[in-house]
């Protein structure tokens, strides 16, 4: 089969690889129909994740058709259409039983990281019964690619951890795909105000279209004072960090109200300064999370009932074998006005 | 009347001051029976809290007898014995309605800070109906002084925010009075293991007596590795910070397990380094809180039903007019093996 | 002043009564601008509530202007426009501190019940600081009358107690004003499906307009089987009882799914049969509640930000002195296609 | 092998049956070391559970040694000592993912009910990875038999569902084995008062020994008024029903305080009368639950750390082949002063 293979920092190729086979009774082989590229894949390509080694097939999102299942798989059979979760869950370790699939002792985020991933014609999915989700006939499969990672990530790490409630004032720092996923899913809880902060006016305009009540371009360094002005000096009930830098984290710290929540989604490469000299008495809650994908079934229901339209996040389409070109487009998101790209087999 | 008055850094005196009077219909005047000294009072005396100005009567803990009440006070009358809460609550602002008395817009921590406090023969208590708690006849009033601040602080900021649950592994960093209050009240939720960490062997021995299952003297800089060794490398479900320094906070960051809680109690004077580069994916919850004293009635019930014996925290007794001497003892806690001192009028 | 006075079963009159005056420092006198009639008022008029005695001024909803305040009232002053809560809260008893204002030891539902109410030119509001809510200039005051009772009742007793969540299937039994309030506020949490059940096709058509995804006319006695058919035999995640009879309660029992919630709002006059022989193993949660009105500030924010349009509930308008005619209209709701009527002074 | 076989109402025999074998890759065969008899087994023997058919091996509790595992079992291997959960969990259906193992679509309570059970020399355990719990060497295995059913049942259905909190007043109606399990595990949350109600003075004396602060013999029909007298007329924060009759349920309804919880554990054979005419406005929460056994790992930790001593529940010992005699003893619990009996292979 053909697959996108990582060959060290800056090197990738769409090349021939052996088609995967069942190695355990709980495995399934899935033929990829549609996949996408994640910001994390760009980090991998830069060499930021040393755990990803030369020869690895990248990608952890996608929908496909079950090609073959192991003897212990009972939820799926050949021919079923499925969503592939970015998180592999064994369903039987301490963490899976607590709903913390992200820390599954034999799974977690391994696809396109520690094992071969979805930017390929076929992929092996361990613990298929717990790591795939069924797609009924007639569904819009392109939209469902957003359920592999981006929607549960924005929702679980940002919205649920941030305890967004009706009537709340919410700020989202970062209007990339993940921030947008938080923006769309936050509206399940009907906050009164959603302030989106970014450096890119195009993305801010999109955020407005997606439901932001206020947008702030933070390139002038005045985001904090603008948020405080909008909130009578109180700050926001929930601040969602959707970038992963000390600067954006610092904005969140400065704008969270007494009694509020700071929910981190961003992948951080360095430590940040936490201002405990002011925060110690502010009754705040700060959370971190690698997505567990426990809300995938719920998100699926809300996609099917049209409560959310994830398709809005898709800006570009490519054929699967044009994936190197798609990386170029997604890697220059601002220039290309790209959010999510879809690759179709 | 006589009162302990702050006269700038390092200067205090037990001196004559006007007896307080009712200034609002919601006030009460309370004659102090017993009071104590808090670690925060030592900070005030060093000049660390610039909001406390020359001439201020210090102290925010105590029990007493109601001497006089304003026309709108209905829960108390002259002669009632009461616990004075360290937090003043109006009962009618946005924050009081949310149970966040610490941020009451006309109260919060004001006693012995922004208004005159309890290290005096008499004290004026604003919003008496919401800021006092009744003491039934025959109670052990000395033990109840611990309900003014230390027990709700350890319990709310440490134990409740840390979501201590039956079967959990808990670490408490700091075995001073507040850490000890967390240790005693954590046992309401029956954790399986409680590891207490401090630099003082005497305090660690006391912690063992109070219910710690393991103690670690951190003076060798190996507290983190010892905790990881005790927990099979996983870390603790809840880490309670009860000191307020970057070093002790750093220990808490390093020992909190994936999915765990870091509950800060300590008053911090500087920022800390938060290792988001490792924490971002660990699904942790970090909380800060100034005590709200919303659990005072519950704690009172558990004191009355002997589920907790706060008297154990009391190591020294003085007469109220010996308060300067009491400050010297409490200010040299390690040398004097002091936890809480009681001053009796 | 003029007021609507209850004179025993079936007898009421719009007649002269003494204008109320401040009797406690925490009181306010409010001049009524707009009020409405509640289903409970109809019960009072039939004599179903023996606690309501001859001579009582009825009514517990409305907006008005503060005319005078007692010496301990600090949140309001003469001239402020306010929403009157149907629940009086002292803010300082055990129940108010727990957020259970409905059981306030010196308040709760007393207006137009144990003390004179709002269907009058003026009303005395005890504990004004905690029992009124401010209206900013320029608000649509008619819509805000719905915040006195009906919206918090539908939301707290039905939606919050029923733990409605995104993706859920919800059934509301009863499409009167309270059921409609539950229907509107349930959408704050974005359930996937909302099934509304009633005997009146007109109300069901309105429910559809207000956001119901399915409606069932239960007059054929087949509501249960229809709900089960719609839910693959599983039943609903949440069933809200908004009528108050054994039959409607029985429908809720029969349609609640394993693991689901049955949230009662209806005022019941008789006991019901609870089928514990099947329910004991179904992991259900059944709740009852007299509205606490703790969510009034949140609901107010969502009205101001247009997340909900309570005005849709208003079907008829009268002048305040036409109130007897308004009772006739509201008392024949099906014939008149009435939901809520507004009376304007 | 030998096993206890049900042959219709009133008929059982300890007789030869084929030794079970692996039928699915997720199965394990366990050699029984110790088992016990449940109140439910007595119901089966009376013919109350028609789903249990002639020829069924009874029993759903026990500890044993793994004899053989299927190809997909990874958590256990031959020779491991294990606790057998009364609930079988597949770990991959909708309910298992929600932590509602009791409603597992291919499991739930099936042992000794729909498939052969544990009162035998060997038992086949489906979904072994999720339905067994490991026993470390050196554990007191007799005590751990209580973790199969009785402790998680008392704890999950009674204590957790009843939201027992520090300082609460709790009543437990029924002092049989399940009520006692609730009594022991309720103390994990340190309620101030625990009132136990039963008809048997011997059991009440045992309840006192196990931590009850008050006991009431309800044979005079005055339990309700006695509980109200003990609670200043308010009733209890949590009432746990541990019998399963209309009378005992009725006591719970009458003693639950406003804002309180009624947690049902009892298996009911008939409907009960729910007094909604008084309860509708009392803000109560009523729960039902078939045990999910999700707390088994936590309970295990607290047994190992000696926070609870389940061995106290064991009153009688028999050899496994004396099981018919053991049924006679357990079936006459009051006469024999029996709580739990242990059968050792």
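Note that the chains take the letters A, B, C and D in the order they are written out, and that residue 1 is the start of every chain.
In this text, a contact is a pair of C-beta atoms (placed from the backbone, for glycine too) under 8 Å apart; a residue touches a chain by one contact, two chains touch by 3 or more.
Source: prediction; values computed, not measured.
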{"item": "If a chain touches subunit C and subunit D alike, it appears here", "value": "A, B"}
{"item": "Pair joined by more contacting C-beta pairs (B-D or A-B)", "value": "A-B"}
{"item": "Mean-CA-position distance for subunit B and subunit A (Å)", "value": "42"}
{"item": "Interchain centroid distance [CA atoms averaged], subunit B/subunit C, Å", "value": "42"}
{"item": "Where subunit D touches two or more other chains at once, by residue number", "value": "297"}
{"item": "Residues of subunit A defined as touching subunit C within the complex", "value": "165-167, 187-190, 192-193, 213, 297-299, 301-302, 304-305, 307"}
{"item": "Subunit B to subunit A touching residues, read off their complex", "value": "95, 98, 100, 102-103, 244, 249, 258-259, 264, 266-277, 279-290, 292"}
{"item": "In the complex with subunit A, residue positions of subunit D that touch it", "value": "24-26, 71-72, 74-75, 91-92, 94, 96-97, 99, 106, 129-130, 294, 297"}
